[in-house]
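Paired with chain B in one complex and with chain C in the other, chain A is shared by the two complexes that follow.
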Partner chain A sequence: MPYDILIAPFLEFDFMRRALVAALALALGAAPIGVILMLRRMSLMGDAMAHAILPGAAVGFLVAGLNLFAMSIGGLIAGLLVALLAGVVARVTELKEDASLAAFFLVSLALGVTIVSARGTNIDLLHFLFGNVLGLDAASLVLIAAISTLSLLILALIWRPLVLECVDPGFLRSISRAGAPVHIAFLGLVVLNLVGGFQALGTLLAVGLMMLPAFTARFWTRDITAMILVAVLTGALSGYIGLLLSFHAGVAAGPAIILVAGALYIGSVLAGPVGGVLRQLFPKRHLEA
Partner chain B sequence: MNAQLQFRDLTLGYDRHPAVHHLNGGIDAGALIAVVGPNGAGKSTLFKGIVGLLAPLAGRIELNGLKRRDIAYLPQVADIDRSFPINVYDMIAMGLWRSTGLFGSVGGNGRAQIHHAIEAVGLTGFEDRPIGTLSGGQMQRVLFARLLLQDARLIVLDEPFNAVDAKTVADLCALVQRWHGEKRTVVAALHDLELVRANFPEALLLARAPVAWGPTPDVLTPDNLAKARHMCEAFDAHAHECRVDAA
Partner chain C sequence: MMRWLVAALVAMVAAPALAQGKVNVATSFTILADFARNVGGDRVEVVSLVGPNGDAHSYVPSPADAKKLADAKLVILNGLGLEGSTERFMRAAAKDAKVIVASDGITPLRLGNDPDPHAWQSVANAKIYVANIRDALIAVDPASKSTFEANAAAYLSRLDALGIEVKAEIAKIPPDRRKLVTTHDAFGYFGTAYEIAFIAPHGVSTEAQASARDVARIIAQIRAQKIPAVFLENVTDPRLLERIARESGARIGGTLYSDALTEPNGPAPTYINMVRHNVQELVAALR
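So, the complex of A and B:
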C-alpha cells in the first residue's frame, strides 16, 4: 500500500520520473544559492530577478516559438543585463542597489508581458509564469541538471570570498579586489538557477524552490554548512511530496511543490529548535552562569 | 629621504569638502604613532586614504615599498554582520588570506598560526562560538587575532579601544607593543591621551589641518589641544574654493 502511494507513480509514469529528477536537481543547485541570498539579506532579490528574466524568455519565444534553448538563452541574457545595470546604477549614482534593481525589474516585467501578449495566447502566458513541471522533455532535464552541476562547481570556487563578503565586506575590500567579480558571478548563478527553474516551475514559482528551503533551514541550525544541507534536503523533499500530492489529489504540480515547501517552512517557524515560536513560548530553564 | 608612508600636500574629503587639509609629512618604517584629535578632525578619513579606500581630492600618499597587501586595517565601525553563522575560528582564519588566497587550503602550519593567534588574544576555548554570541570586547579580540595573522608591515587601527574595558585595552595594547617590537609600523587613532602618552612615542594632532606632529610630549600640550578644539569648528556648506597653491 505505501508502495502504491509513495513509489509506484514514479515507476509507472515517465513524466513523473522526469519531474522528480528535475525537482531534485533544482533543489541541489538553487537551495545553497537561496541560503546565501538569505544571509545577505537579499531574499527579495530572487523574486526581482525572476521577473527580470521574463522579457528575454519572451523574445526567445517570439523568435523561435516554445523552444527551450532560445527561451533559456533569452532569459539568461535579460536577467544578467538587469543585474548588471542595477549594479552599475547603484555604484555610480546615489540610488541604492535594491531601489535600482526594483526599477529595472518592474520595467522588465512590463516589457515581458507586453511581448508575450502581443504574440502568444493566455496559455502561453500561464506557461511562462507557472511552468510545466509534468511536461519536461529530455533536453530540459539535461539543461536543468547541467545548470545545477555548474552552479555547485562555481559556488565551491567562489565560496571563500563570497562568505567573506557576507560577513565582513570591508575586510574583503581591504585585502582583495575579488569582491566585485565574485558578486557578479554570484548574481549570474542566481539568474542561471532561475532560468533552470523557469522550465519546470515558471518565472514566478522558481524562486520558491530557491528561497523557502533556505528560510526553513534557518530554524534548524546555526552552522552555514548544515544550513545548506538542510535547505537542499527540504527542497528535495518538497519536490517529492509535492509531485505525489499533485498525482493523487489532482492539483497542479508546480504550485503543489512550492506549497509543500511553504508548509515545511511554517512548520519550522513553529517547531524549529533555533528560534522557533514554540521554543520561545515554552523556553527551557536558564543555565548556570 | 623618503619615509615608508609619505603625505605630500594631501587633501582628503567628501564632495569637495576637505576633511584632511594640506597634510605634509612622513611616517617611517617601524614607527608607533598615535593620531589624536577631536571627533570630525579627519582621523578616519586619513586612514581611509592610507589604505586606499578613499582617493585624495588633491596631493598624494606615497607608499614606499609597501603593497596594498602589506597593509592591515581595522576600521572604526567594521561593517561586520554579527548575525552571520560563522564561528570565531573561521573568522580569525580569514587573516591568513595572504597565504591561502581564494582557493588555497589552510595547512597544518596555518592551523598552528591560527591557534597561536587565538591564544595571543586570550580567546582559547572560544573557537566554536558563533561571532553573534561574543561581547564587544571579545569581538575586538577576534579582530586583533585576525590582524595578527595578516602579518602586515603597516597596521592601521581606527579607534581600536572604543567601548572596551580596561583589561581588554591592556591586553590589546600589549599586542600593539609586540608589533612595534617586531619593527612593524603601527598607526592608531585614539582618544585616551593617557594611553597615548604611556604607549606611543610619536603623535600627530589633527584638526583637519595638522596642529602638531612629533614626539608625544611635545605634541600633546594644553596649548596644542586647545588649538585643535578651536580649529575643528562646524562644517561650512558654502565654503569657497581653496586657494592654497599646491606645493
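So, the complex of A and C:
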C-alpha cells in the first residue's frame, strides 16, 4: 500500500519521473542560493528578480513561441540587465540598492505584461506565471540540470568571499577586491536559477523553491554548511511530496510543491530547535552545577 | 470644394438610411449570423453580438449591443440555454423586434442535467435552424418571400451535400477507431449523428490547470481503451500535450471549432467550412 502511494506513480508514468528529476535538480541548485540571499538579508531579491525576468521571456516568446531557449535567454538577459542597472544606480546616485531594484523590476514587470498582452490571449500569460512541471521535455530537463551543475560549480569557486561578505563585508573589503565581481557573479546565479525554475514552476513559484527551504533550514541549525544541506533536502522533499499530492489529490502540481515547502516552513517555525516558537516557550533547562 | 464636402457628408448620413431598405437582423453568435446571411442574401443586414472567435458561453452584453438589438427587426437566438441569463437582456433590448429561437423543433440531447445547446453541430439540425430562420425572415419582410425561399432552398441543398460528404469522410475511419478523448463538451450532437464516441476524460476539470492526477488519468484511460487520438482544449501547453501523446501512444488532434466561426481568413469562416475543417481534423487524427 505505501508502495502504491509513494513509489508506483513514478514507476508508471514517465511525466512523473521527469517532474521529480526537475524538482530535485532545482532544489539542488536554488536552495544554497536561497540560504545566501537570506543570510545577506536579500530575501526579497529573488522575488524582484523573478518579476524582472518576465519581459525578456516574453520577448523570447514573441519571437519564437513557446521555445525553451529563446525564452530562457531572453529572461536571462532581462534579469541580468535589471540587476546590473539597479547596482549601477545604487553606486552612482543616492538611491539605495533595494529602492533602485524595486524601481527597475516594476518597470520590467509592466513591460513584460504589456508585451504578453500585445500577443493576445491570457492563457499564454499563465504559462509564464505558473510554468508546467508536468510537461517537461528532454531539452527542459537538460537545461535545468545544466543550470544546477553550473550553479554548484560557481558557488564552490566564489564560496569563501561570498560567505565572508555575509558575515563581515567590511573585513572582505579590507583584504580583497573580489567583493564586486563576486557580488555580480552571485546575482547572475540568482537570475540563472530563476530562469531554470520558471520552465517548471513559472516565474513566481520558482522563487518559492529558492527561498522557502532556506527559511526552513534557518530553524534547524546555525552552521551554514548544515543549513544548505537542510535546505536542499527540504526543497527535494517538497518536490517529491508536492508531486504526490498533485497525483493523488488532483491539485495543480507547481503550486502543490510550493505549498508543501510552505507547510515545512511553518512546521519549522513552530517546532524548529533553533529559535522555533515552541523552543522559546519551553526552553531546555541549562545544566546546573 | 465645399459642395463636394457637403455631398460626401450627406452621403455618409444617408448610407444607414439606405441600409434600412434591408432588414436588420441581430443574432447571438456567429453561426446563426452565417445562416441568416445565407437565407437573407442582400435583403438583410446581419450583426452578431458575439464576434468571430468569441465565446458565446462567457458573453457579457455591452451598451453597443443593446443598440444593435434595438435597431434590429429580427433577433435570432439559439436557445437550449446557450444564451443563459443574457437571453433576458436580449429580449428586453430587442424592443419591438421579432425574437425567435432557431433551435425550435430540435430534440435536445442532455449535458448533465441541462439540455445540450450545441445542436448546430449536426448538419441535420442545421437544416432545422435554416428553415426556422427562413420562416422568421418571411414573417418580418413578406415582400421578399420569394427571395428568402429561393436562398434557403439553395442553402439547404448545400447542407444536404455537406451531410453526405461528412458521412463519406467519417466512413474512411475504421469503426473500431471512431473514438477519441476530448475535453470539448460541444460535440454531443455531432458524435450521435455520425457515430463517433467523444469520450470525456474521467473526473478531469475542463477549466483548471491540469494536475498530475488529470494527466495520469488521461494517459491511463487512453492506454486502457486503446483510443487513437486526443483533442484537448484545456491543455494548451504544447509540451504537456506532447508528453501525453508520447506516453499514451495516442495522436494529438488539431483544433476543433465548436461555438464560434473564425475571421474570414481563418480556417472556419462559415458554418460549412467549420464542419469540413472539423471532419478533416478528425479523419486525419483517427484514420
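By our rule, the second predicted complex is superposed on the first by the 284 of 289 C-alpha atoms of A that agree within 3 Å, B and C clash if a C-alpha of one lies under 4 Å from a C-alpha of the other, contacts with A are read in each partner's own complex, and residues count from 1 in each chain.
Following the convention adopted for this analysis, contacts are C-beta pairs under 8 Å (C-beta built on N, C-alpha and C of every residue); 3 or more make two chains touch, one makes a residue touch a chain.
Quick caveat: nothing in here was measured; it's all calculated off a predicted structure.
Trainee: A:9 contacts which: chain B (first), chain C (second), both, neither?
Mentor: Once the two structures are laid over each other on A, A:9 reaches chain C alone.
Trainee: Of the partners chain B and chain C, which touch A:163 in the superposed model: first, second, both, neither?
Mentor: After superposing on A, A:163 lies in contact with chain B but is clear of chain C.
Trainee: Is A:171 touching the first partner chain B, the second partner chain C, both, or neither of them?
Mentor: In the superposed model, A:171 contacts chain B only, not chain C.
Trainee: Among the partners chain B and chain C, which is in contact with a greater number of residues of chain A?
Mentor: Greater contact footprint in residues on chain A: C.
Trainee: Which of the two partners, first being chain B and second being chain C, lies in contact with A:227: first, second, both, or neither?
Mentor: In the superposition, A:227 contacts chain B only.
Trainee: Output check: A:196 vs chain B and chain C. Expected answer is one of first, second, both, neither. What do you get?
Mentor: neither
Trainee: Take the contacts of chain A with chain B and those with chain C, and give the residues found in both.
Mentor: On chain A, no residue contacts both chain B in one structure and chain C in the other.
Trainee: Sort out for me which residues of chain B touch chain A in the complex.
Mentor: 51, 53, 69, 71-73, 75, 78-81, 84-86, 91, 94, 97-98, 100, 102-103, 130-131, 146, 150
Trainee: Could you please specify the touching residues of chain A with respect to chain C in the complex?
Mentor: Against chain C, chain A makes touches at 9, 12-16, 18-19, 66, 123, 126-127, 130, 132, 134-137, 140, 243, 246-253, 256.
Trainee: Which bits of chain C are touching chain A when the two form their complex?
Mentor: 203, 208-216, 219, 236-244, 246-247
Trainee: In their shared complex, at which residues does chain A touch chain B?
Mentor: Interface residues on the chain A side: 39, 157-158, 160-161, 163-164, 166-171, 173-176, 178, 221-224, 227.
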